[in-house]
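Chain lettering (A, B, C, D and E) follows the sequence in which the chains are written, and residue indices restart at 1 in each chain.
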Amino acid sequence: MYEIDKFLPLMIPLTALLAVPLIYFFRNQRDIRDGVSVLAPGTMFALAFLVFKNFYQNKEPLFIHILDITPTVSLQFRVDGASILFSLIASFLWIITTIYSRGYLGGLREKKQTSFYAYFALTLFATQSLAYSGNLITTFIFYELITLFTYPLVTHKGSDEAIKAGRKYFAYLIGTSLIFFLTAIVLTLSLKGEMSYKETGIFDGSESVEMLLLIFLFFLFGVAKAAIMPVHAWLPAAMVAPTPVSALLHAVAVVKAGVFVLYRVFNFVFTPDIIAGFNGHFIALTFSAITIVVASMIALRQDNLKRRLAYSTISQLSYIIFGFSLLNSHALTGSLYHLIMHAFGKITLFFCAGSIYVTTHISEISKLDGIGKKLPITMFCFAIGSLSMIGMPLFGGFVSKYYLLKGIAYSDYQLLFAIFGISTLLNAAYFLPIVYAAFFKPPKEEIHLEAKESQRSMEFALSITALGTIVLFFVHGFFYPLIGV
Amino acid sequence: MFDVFLLILLIIFAIYSVREKDLLSSIIILSGFSLMMTILWTRLNAVDVAFTEASVGAGVSTVIFLAAISRTKREEEVGQGRKRFDFYKIISLFIVILTGLVLAYGTFDMPPFGDIEAPVNTVLAPRYIYGSVPELGIKNFVTSILASYRGYDTLGETTVILTAGISVVILLRRKEL
Amino acid sequence: MIVYIILIPLVTAIIIPLFGFINKKLPFYVTLLSAFTNFILVIRTAKKIFSYGTERYFFGGFEAPFGIEYVVDGLNSIILIIISFMFFIITVYSKRSLEKEIENRRLPLFYALYTLFYTGILGIVITGDIFNLYVFIEIASLSSYTLIAMGQKRNALMASYNYLILGTIGATFILIGIGYLFMATGSLNMADIKLRIVPLYHSKMVRTAFAFLTLGLMLKLALFPLHVWLPNAYSYAPSAMGALLAATGTKVSAYALIRILYSVFTIEFDMKIIPFNQIFLLISLVAILAGSTLALAQTNLKKMLAYSSIGQIGYITLGISLSNATSLQGSVLHIFNHSLMKGGLFLIAGGIFYKLNIENIYDMKGISKRMPYSMAFFVILTLSMIGMPFTVGFLSKWYLILGAIEVGRYFVIPIIVISSLLSLIYLWRLVEISFNSDVDKKEISEMPVSMMVPVIIISLLTVFLGVFSDIPISLSREAVKIILGS
Amino acid sequence: MSDFILSKFNYWASILLMMIGMYGMIAKKNLIKKIIGMNIFQVSVFLFYISMGKVKGGTAPIFWEKAVIYDNPIPHVLILTAIVVSISTTAVALSIIIRIYNCFRTVEENKILETLANDENQSGNNQ
Amino acid sequence: MIIEFITRKMIPFIQLYALYVVAHGDLGPGGGFQGGVIFGTSIILYIIVFGMEKGKRLLPLKITDFLGSLGVLIYAGVGILCIVFGGEYLEYTKLPFKNPHLAAHLGIFAIETGVAITVSAVMVVFIFDIARKKDV
């Protein structure tokens, strides 16, 4: 039994890896290929669920040592609540996204669909491995692999514009991670001689404050995937990618991977007490707060729908970092909840944007007037997604925001309520007008639909996720054992 | 004393053959240089080396030099528009002088010329000199070392010659010239 | 019988022209056969060495220091392994590309020189006698001059000539150094000199000898200020030869430098008596940065790779100059890795040139459509070059960084990181351009199998040894034991 | 003093010769002139070796009943090898020079470099 | 005319002397290398006097190339023979002759011959290929 426990988590990424040759092999039978890329995440989801069950029985985290690269550098897995949570979400949403992208790619008659699915699977492999990685270097490896595997997806079009955007993407992510992230890891290793995550933290506070602060900042800005303000520019650039990519990868997998790494750093490399010891959380709070507000303001001024969503993603991510750096259990719970809620909400919004683009070739917000008549389901789900983003009760977004506010209340920075107020208003300001215009304004010019047949699967997918946001509000207790802090 | 005179002469020859603009005469001077070197080496009792240098340095290399310039240009062209202050020359002069100084620095700890106690003459040489005849029955120690004690070097040397031969063939024996 | 390691290629090189009289195709197969035999022999020897320790061979039965001695120990067996492996692989590759680049009636002699070059570098690695080292350096150099001059463009001739001038200066410096050393110690056997040199630490002769030996080897090694001959020589030589030079030439010089520094002179001489390490560290860092920066400025693919080699040589010397066990292990590993990676990259460049006749990076738009597999392996090797974990490139950089931390030279880390970034930029440029599909779709035209297989093997090995890294690490640990004489 | 100078004179003279040869090798623009310099350089190194093998009152290193001291034969051997290397290098260098002359119609380095630069420009324009 | 006559008469003596030098390398100054060079010089002289064509007829290029390899082959072969007869590489005294001195003499003579062959052949090749104006 215990061996099975050790074996199951490994199976999850391996399934994704196995999917790749299958997808390539069936590149000519489109249906089988898509079937594979639905089957693989399904299997992964089931496996993740089994892992969750085992974890539920014996609460203590599970360590799996795979191999040594050098005597000090080893590949190591760690299975605990957060990792299972992340892997569950990622694999579940992959299923939905595959269904969606079948419609999307079909609607646009994309070339190179096979390589699209293949790189998708590779990215998910890296993401899952990162979710379970048990020490800094393992995290680093899969962090880099995610960047590498998403690069072809970002430059999928192959046009000069896409190539340029890809360069920006690559430069930001690889550059920061090589300069700051790796340096931080090396410094950690040279100071403490080990890198594996521990509840008690790798650092024990005996180190010099300056050193700790330096390493902390390196981590904070080295993990550019979390898109905190100075290092966020890659995310809007990445929006040239096809919408399913933006949806799953740049609303869930990639960015959440960054946030997840920061979660590890905050709680397993450092510990809240140590961070408080050198006031690292204060810096993190400042930056994340600034990001929340400023990103929302920029989002307000974007006319391209996907870019607006991208900036809203940036600000929402900073909620999570914000929650980490409040350093109390309620805020942490809120953050982890936000990891789920934002994932569902934002993927819904991206799906909507994508289906609008496929069916009407509109990507600007100003042209969306009266589109609600044409695409009722899509726009209705869009409304749900936005409300969840804003944090209305009865929607998943409310849960996380509630815990975050509770966290603020328990911390000694009460005036940060103001930030929340402002940002919530801003969220409303840049989402609701779209919904309003879509349903109640008369269309400027005649909108004609096409690609009817592909609409089915897309609407199916996005309604599922929209439903998810509502369901999550009621069943959020289900995740409590995973988040349990 | 004669050696000193010879050395000075050598230096003069060397300078001339480097400075001479007409390549032909500078090659002739070069072969004279090697001839004098041969004499010097004979006076230093390095008969085999002198023999070789006479046949190679003064003989073959001169011939191939002449052949080469007969197929190329004969005069070294004076660099047109040569500046009075040629930076490149200064640099190279500086490098050369630096090298020379380092080399000279090395000479100060050297055992005096012809010192029998120098490690060169005490460490390996006796074994060869007194071992050659009883071990191998070879009267010429140079040959015994060349062919037997360090015979492997000579194999390498012959290989070098072969390499050069192949190189010359592969480079020059072709129709399109 | 370690003497056969030299004899097999030597005799092959001698008889190849005779085979050439029979049939112009035959020499290739003879070379291949001997390369393979030699590789097997080297592997078996290395196995023996690692289980039973150093093996020595006295030529003519005259015990050292009186005769010439061959020594195979942990250090040079790892070098022997990589050299013979790369030679074998590149020979497999060479058939097609040479048939394209060299007219067939000249192939036999070409292969003869090619094997002579191999003989020379093997001799450099395996010998234990310092004058014998000089002789073999000359064999390797002479043959490489000609092989470079065989390039198609007429720049090749000039490149070869410049290499000849600088290489001869370097070799003559080495000869002078040997002379001073011989004068001071009276011996020519490395191990013997190491014993005799201890009381002579402060002799001016020994110091001059040291200066000239290291200087000459740095010229052969193309360490940064003395690198001028390298880029043209590598990029204008025939593709296979360029790859072979990049994979083995400078590595052997690096090995010779390590030998001279640690097995002829002693480590305390390098560290304490003269301020060698500080200077050397400085030079290496400059070389790393300068090499990467210059590579960034190139548009010719092969030239870019050549300049990046200059930077990578900086890594090797960096490890030497930090001179603690960890960093030396990094150096040895980097000799090994870089031989593998850069060899592979040059092979791919040669393949692109073979199929499409383009060398300029900006003409390679959308090449990943035409040569997808080659570009895939190019990406793998690129990742290894920038030191991605799971590839061999990571190991050496990791050990170098740890070594730097060990001696508290933290400023080395940012430099390594920056140069990795630079190398990422200049290599990724090509990947990016090759992904660009703003060109009319073309049919796939991959390089022939006999050229593809070596690339595949090298790339897979890069990853395999990066994951199951205990092989290279244990080998290099043995090597370091030898270097530090413990 | 004078005997000190005399005791080192051979070495210094050979060093001076080396400097001359090396200068010719580096500074001269004519390719053949470089090779001439190379010859001088190497031969003077040989002189250095031979001088170190000389022993006061020694006879040639060939067995001879009446001989008391022999000169040191080792440098002679080494130099025999080195001479061969030098002639080989010279031959290879000269053949490369001939090829160069056939391609560029000159043996002046700077002119050749100009020609190559022109080649580069043309190829650049072609692209 | 006269020069040709003299050369014709001289060359055999030069070659004889060359052989002497090779053979007596172990007694007096000289040896394979010097002998080889002298032998080569004799042919070079022939070429200089009678011209390339005659020279080529006297000694075709194929032969020289072949000889060049052959010499080194002899050298290496002798070394391998020593191994065959239970010695180290190039350990002549182990060669199967009635006393080690004779073995050493013969072995050294053999390798000197090898050296001489290679050297003379390569010297001739140098002249042939470097001095040759047009392709012949």
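Note that in this section a residue touches a chain if its C-beta (ideal position, glycine included) is under 8 Å from a C-beta of that chain, and two chains touch if they have at least 3 such contacts.
The shown structure was predicted, so the numbers you read here are calculated from the model rather than taken from an experiment.
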Touching subunit B and subunit C alike are D, E
Most remote chain w.r.t. Subunit B, using mean C-alpha positions, is A
Contact-count maximum falls on chain pair B-D
If chain centres are mean C-alpha positions, then the most distant from subunit D is chain A
Averaging each chain's Cα atoms, the one nearest the global Cα mean turns out to be C
For the pair subunit A and subunit B, the C-alpha centroid-to-centroid distance in angstrom is 74
When centres are defined as mean Cα positions, the distance from subunit A to subunit E in whole Å is 80
When centres are defined as mean Cα positions, the distance from subunit A to subunit C in whole Å is 45
Distance in whole angstrom between the CA centres of subunit A and subunit D is 69
Multi-chain contacts in subunit C, i.e. residues touching at least two other chains, fall at 10, 14, 17, 59-60, 131, 135, 138, 142, 145-146, 149, 176, 182-183, 188
Subunit E residues touching 2+ other chains are 27-29, 33, 65, 69, 72, 76, 79, 89-90, 92-93, 126, 129-130
Multi-partner residues in subunit B (2 or more other chains touched) are 47-48, 52, 56, 60, 64, 67-68, 71, 103, 107, 110, 118, 120-121, 124, 128, 139-140, 142, 146, 148, 150-154, 156-157, 159-164, 166-169, 171-172, 174, 177
Full set of chain pairs in contact is A-C, B-C, B-D, B-E, C-D, C-E, D-E
Contacts from subunit B onto subunit C in the complex sit at residues 102-103, 105-111, 118-124, 127-128, 148-153, 156-157, 159-160, 162-164, 166-167, 169-171, 174
Given the complex, residues on subunit C that touch subunit B span 10, 14, 17, 59-60, 62, 65-68, 106, 109-110, 112-113, 116, 119, 123, 131-132, 135-136, 138-139, 142-143, 145-146, 149-150, 176, 180, 182-188, 196, 203-205, 207-209, 211-212
Interface with subunit A, subunit C side, in the complex: residues 366, 383, 386, 388-390, 394-395, 398-399, 401-402, 405, 413-414, 417, 420-421, 424, 428, 432, 435-438, 466-470, 473
Subunit B contacts subunit D in the complex at 3-4, 7-8, 10-11, 14-15, 17-18, 23, 26-27, 30, 33-34, 37, 40-41, 44-49, 52-53, 56-57, 60-61, 64-65, 67-69, 71-73, 76-77, 79, 88-89, 92-93, 95-97, 99-100, 103-104, 107, 110, 112-116, 118, 120-121, 124-125, 128-129, 132-133, 139-142, 145-146, 150, 153-154, 156-157, 160-161, 163-164, 167-168, 171-172, 177
Subunit C residues touching subunit E in their complex are 1, 3, 7, 10-11, 14-15, 17-18, 21, 57-61
